[in-house]
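Listed next: structures, encoded as structure tokens.
Look at the two complexes coming up: chain A is in both, with chain B in one and chain C in the other.
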Partner chain A sequence: MTKVQITIDGQKIAAEAGSTVLEAAREAGLDIPTLCHHPALSNWGACRICLVEIERQRALQTACTFPVTEGMVVHTESEKVVAARKFVLQLLFSERNHYCMYCQMSGDCELQSLAYRYGLTEWPYPRPVEPLAVDATRQYFVMDHNRCILCRRCVRACAELVANHTLGVRERGIHSMITADLNVPMGESSCIQCGTCLQVCPTGALMDLKSAYRGRETQVERTRSTCVGCSIGCGIELVSRANHLVRIEGDWDAEVNKGLLCVVGRFEPLFDDRQRVTQPLVRRRGLLEPCEWDEALGLVAEKLSGDSLAALITTRATNETMTQFGRLFRSLGAEMAAVGSLAPAPGAEGRLTDLAEADVILVVGADLKKDHQVAGAFVRRAVDRGARLALVADADNGLASYATWHVGFDQMDSLVGMAAQASRPVVVCAADLPAEAEAALAPLAGKASFLGLSRGSNSRGAVAAGLPLSRGGEASARVLYILAEDDRLHIPRNGAGFVVAQASYVGPLTDMADVVLPAPIWAEQSGHVTNTEGRVQSVQAALTPPENVWPTVKVLKTLAGRLNLAL
Partner chain B sequence: MTKIKVATDWLEACAGCHMSFLDIDDRILELLKHVELHSTPITDLKHPPEEGVDVGILTGAVGNTHQLEVARRMRERCKILIAMGDCATFGGICTMLNFFDKEEALRRGYVETESTVEGRIPRSEEIARPLEKVLAVDEVVPVDVHLPGCPPSADAIWFVLTELLAGRMPVLAGDNLKYD
Partner chain C sequence: MSPEEQKQPTHPETPTAKQAQRSMLLTALYIAQAQYGHLNDEALQRVAERLGLPLSEVYSTASFYSLYRLKPVGRYVIQVCDGLSCHLAGGADTLVDYIRQKLGIRVGETTSDGLFTLQTVECVASCGTSPAVRVNDELYENMTPQKVDRLLDQLAGR
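So, the complex of A and B:
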């Protein structure tokens, strides 16, 4: 790396050539304030808060966009700079409704904290009085234009990270407004509600309906974990307060997703309104009645020891649970299965990061707008960068508009042949492909890197624990044990005489069960899950389960003890 | 040495700023060694004296013609005017009204309230009329010291008063400057 010698606030710094003044300053531990800048996004220079004085430059320059050059001398808090920053803040506060006291971001707002830093005790300019529209047409979060400072972080996140290009700016000057598509309500736009814009918004302009007013940064706890919404296994931060989940954010440092999440991972868990199972239940005279653990486990142990037995487990379970489940039911001679499936990989297994290097991406059978949505974002990013997308899928596939070629399975061979000619092809396969489709991919073995998207969050963990995968409907035995936890499994009874459901929520499974054992939900247990690339990642409990709900592994171990199995 | 004369008044306010002022607790005894607390809304004297005071403190926003008069009178009768609290400095929560139609707000408040029967909007000549817009104090009269906060902490109030007593213009920073 070439270095250039610069001076910032009297400190001599060897900065990397090509870096910006801001990067050089931060590298040296110097604090230049920013607002529109975000480390995950491109540099923009929209807000002018990072203005610095650079000797021999006629005007103040934005540190976030100005590249360092040899011998440069920078002043970051000179009188002139501070006056300019105050002026910028005063203008920002005068432009729209920034009355902190009725905003949910107050206390965590980046604009507010800059106002404190620069001692803004008054607003010298006229205050805004014309209210702007609030767009509440989306299900999970609201756009309040009154709080917007037009920093365009949301626009950049939508374009550069999610590559969905929903957001933009319409009009010019004081009439500028963040807008969706060709100025339609957000809820009717091409927005996929991934909430990445929400996560990068520096003010209260984008408001999360669930977490608004439910706790400031100083009042909440953050737990780094892994999303079990699908087999991508995105890194997340669980934001909780007083044993309640407040919000889920993407973990910027996570290798898999680098901060990105989708609607399934960010919002849906917060809106799970199913009724919890909080104590063991036993069916008597057709009705489920509460009972003690001792009684329920006694009854289950008795049923497990004699009859023909089938045991099913959710692929949302952790590797630790899978292992314990396998040990117990293997020694009981049960027919076991985890409810999920792997995608075919006839060649070298790839990683999600391969998409960033690919020149041709062949997506087979997957709709990445519906499932594995973060992979969808990576594919769209690749297309933005110039990669070509070849889609073998139904006509209504969500990525159809990004595809250069789009055919059905019957014409798949032509695209396989084309991908074989590419220099860095990546094949993205859905699970449960028709056998012919799998066979048709064979010519790409040794040429392409294969990214299989397994169905079920931890199907790979199940396989590693020696559990076969199934759709869940095939098991037939006299006794059926279903470890569902919080999964919405649909398992037919298939004539079983006795059904045990280890479940977090009341639902179709508990409706048919003879014994229900309460189970923690995903955010209440620690362990590991293995994502679709084979990456083993940590899941951390952020919440404590209800008092009478035992950890899943403890239940399995206790059952083993009752059956005198040394596991 | 003669004591510094201080008068306070509240405009469109919730009284929280005055409560926070009282939260300086026993420091008020120290304050009273140097200060003659003249008129305040929470003592018997309600109007600042015609001969004037050294420091005037206003809390609350200016929302009607009466408050406008009170603010102007305080400005005329004090040397240093402090706008105390978010409402006085920025307009605060009272300015929510500015984002609604005034007549609609009056109707909602006096007629359509769930507990109101046969309500009427009071329009007597003898009572104050709402202004077109709710304003911060410095939109009406010049202000010398802005002390924002909802309410400003007792420590921030104490800081501002002691700085003034020491002959300095207070510069708020750190925990003394909070409006969240």
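So, the complex of A and C:
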């Protein structure tokens, strides 16, 4: 790669040709402040806070957009620069309501921290009198226009990363406002509540209902982990404080999702209000009563030996749990299954990143607005870039408006033929396709790369652990063992005489169980999961389970011990 | 079209299909406004659909330019020029005041019979014959209160 020699604040730097002054400075560890700039988004040059002095340039220039050239000499904190930055800040502070002490971002706000950095102690300009609207029409987060600095990070995130294009800026000048679609309330707009805009907002304008006021950056812990909301397995950061989950953020460095998340991964775990199971329970005279682990495990061990046995496991479980589960129930001769399924892949298996290169994307049976939503964002991005989407799906499919062709399964052959002509076709298929649809994909083997979206987060991990996959309703045996953890499984009793549920939450499963063994939730255990591409990723515990809740694997091992199985 | 024929342009200066569609937005909005009288949701939606652009982008653009009307206006939109020349010619203030009183509406409002909307605009490129007034797409030059009287009567069909 070609380098150019530049000088920033007296420091000689070999900068990458084509990079911006900001990138070169950051590469060299120099800090130029930014507001509208975000590394994951296109450069905008709107806020003017990154102004720097470049010798032989008449005016100050925005470091975030100005390309480096050979011999360039840059001053990032000269008197002129500092005065300009102060002026920009004063204007920003005077435009809307930035009374930081009433703002949930106080302490973490990028605007506020710049005010400290440049010693803003007063408002030299008249401050706003008219309060602006607060849009609280979305379920999980709020838009407070009073705190907005119109940096448009949210607009770019929604357009460039999520490719959902919900956000825009209406009117101009002092009347400018962030708006959705045809100026409708956010909750009535095309917004899919992925929260990507929320994650990039530098101020308190976008505010997450759960994490607001619950801890500044210096008070929280961050744990890198993997979302088990679906089989995409997005990289996340679990933000926690005092053993409570405060927030979930997309991990910008994660290969799978590169910072993106969907509503399921970002918000749903925080709003899970089911009641926890915190101790072992045994049913006596029809009622579940607390008991000691010893008693509960004794009872379960007794039932597991002897009678006809079926054992089901959630596909939210880790590979480690799957393996241990397989060992235990295999040696007990149980009928085993993990509740999930794989999608067909009649040809070379692809990766999510293939979508970025595809010219034709054939989506079969999947509604990527409802499930595997981050894959949906990648498909929409590809369409924005010029790829064409061929959809074989129901008429109400969430990506219908992005499709060039949209047919039902009965007319799928025409689209398969078309995809076979493309130069880089990618097929995205759902699990549980009708057999004819699976067969119809055969001509694409060897031509397209296949991205199957398995149902159940870790169905591939289950298969690797030797567990067959099922819908979960077929098992029939005298004794039924269900390892559900925090999954919302719906499993019929099918006449079983005795049911064991290893579960994190009270629900339909514990209602029918004869013994309930408390289980940690996903954020309380470490291990690995295998995503739909076959990528093995790590899950890290961010929280400690309640006192009397044992790790799932420990329970399985203890049961094996009681049954005198050497596993 | 086969995928072969639809290959993306490779020359860096060639606009993508999307950019080409986007470049038609201003014209499309103009046509829609002419058809609908103002850019209501239906008009904006149709523009978005026809050009394959997001609603947000269509709305942002339509609301950015003051010559697009998002709210209903009267049959005749009276635009009194408030540019520098017209202002100096003494026209703007006097004419605006005169029309305001005559029609009983403020700038930006529409008469209750739906006939007239009053607006002020910047230079309408008729500085040599200022003060200038535009009604819909017609230009009226060297305006005086008397000429306004006649014009309004004529438009109202009196």
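Definition applied: the second predicted complex is superposed on the first by the 567 of 567 C-alpha atoms of A that agree within 3 Å, B and C clash if a C-alpha of one lies under 4 Å from a C-alpha of the other, contacts with A are read in each partner's own complex, and residues count from 1 in each chain.
Please note the rule applied: contacts are C-beta pairs under 8 Å (C-beta built on N, C-alpha and C of every residue); 3 or more make two chains touch, one makes a residue touch a chain.
The structure presented is a predicted model; accordingly, all values stated were derived computationally and were not measured.
Engineer: Chain A superposed: clash or fit between chain B and chain C?
Structural biologist: Here the two partners, once superposed via chain A, fit next to each other without clashing.
Engineer: More chain A residues touched by chain B or by chain C?
Structural biologist: C
Engineer: Kindly classify A:S106 by the partners it touches after superposition: chain B alone (first), chain C alone (second), both, or neither?
Structural biologist: first
Engineer: Name the contact category of A:E122: first (chain B only), second (chain C only), both, or neither.
Structural biologist: Only chain B is touched by A:E122; chain C is not.
Engineer: Considering only touches as defined above, state whether A:V360 meets chain B (first), chain C (second), both or neither.
Structural biologist: Touch status of A:V360: second partner only.
Engineer: Which of the two partners, first being chain B and second being chain C, lies in contact with A:G386: first, second, both, or neither?
Structural biologist: second
Engineer: What is the value, to the nearest 10 degrees, of the angle subtended at the Cα centroid of chain A by the Cα centroids of chain B and chain C?
Structural biologist: 70
Engineer: Answer with first, second, both or neither: which of chain B and chain C does A:E171 touch in the superposed model?
Structural biologist: A:E171 contacts chain C only, not chain B.
Engineer: Just to be sure I read the superposition right, which of the two partners does A:K370 touch: chain B = first, chain C = second, or both, or neither?
Structural biologist: neither
Engineer: One more residue to check, A:N183. First (chain B), second (chain C), both or neither?
Structural biologist: It touches chain C, and chain B stays clear.
Engineer: If you stack the two complexes on chain A, which partner ends up touching A:S423: first (chain B), second (chain C), both, or neither?
Structural biologist: Touch partner of A:S423: chain C, not chain B.
Engineer: Using only C-alpha atoms, work out how near chain B sits to chain C after the chain A superposition, in angstrom.
Structural biologist: The answer for the closest chain B-chain C C-alpha pair is 26 Å.
Engineer: Residues of chain A touching chain C in their complex?
Structural biologist: For chain A paired with chain C, touching residues are 155, 159, 165-172, 179-183, 190, 359-360, 384, 386, 388, 418, 421-423.
Engineer: Given the complex with chain A, which residues does chain C contribute to the contact?
Structural biologist: 2-4, 6, 8, 16-18, 41, 44-45, 54-60, 63-64
Engineer: Of all residues in chain A, which touch chain B in the complex?
Structural biologist: Of all residues in chain A, those touching chain B are 97, 99-102, 106-107, 109, 112, 115-116, 119, 121-123, 127, 129, 131.
Engineer: Considering the complex alone, what residue numbers of chain B touch chain A?
Structural biologist: For this pair, the touching residues of chain B are 83, 86, 89-93, 95-96, 98-99, 133, 136, 138-139, 143, 146-148, 150, 171-173, 177-180.
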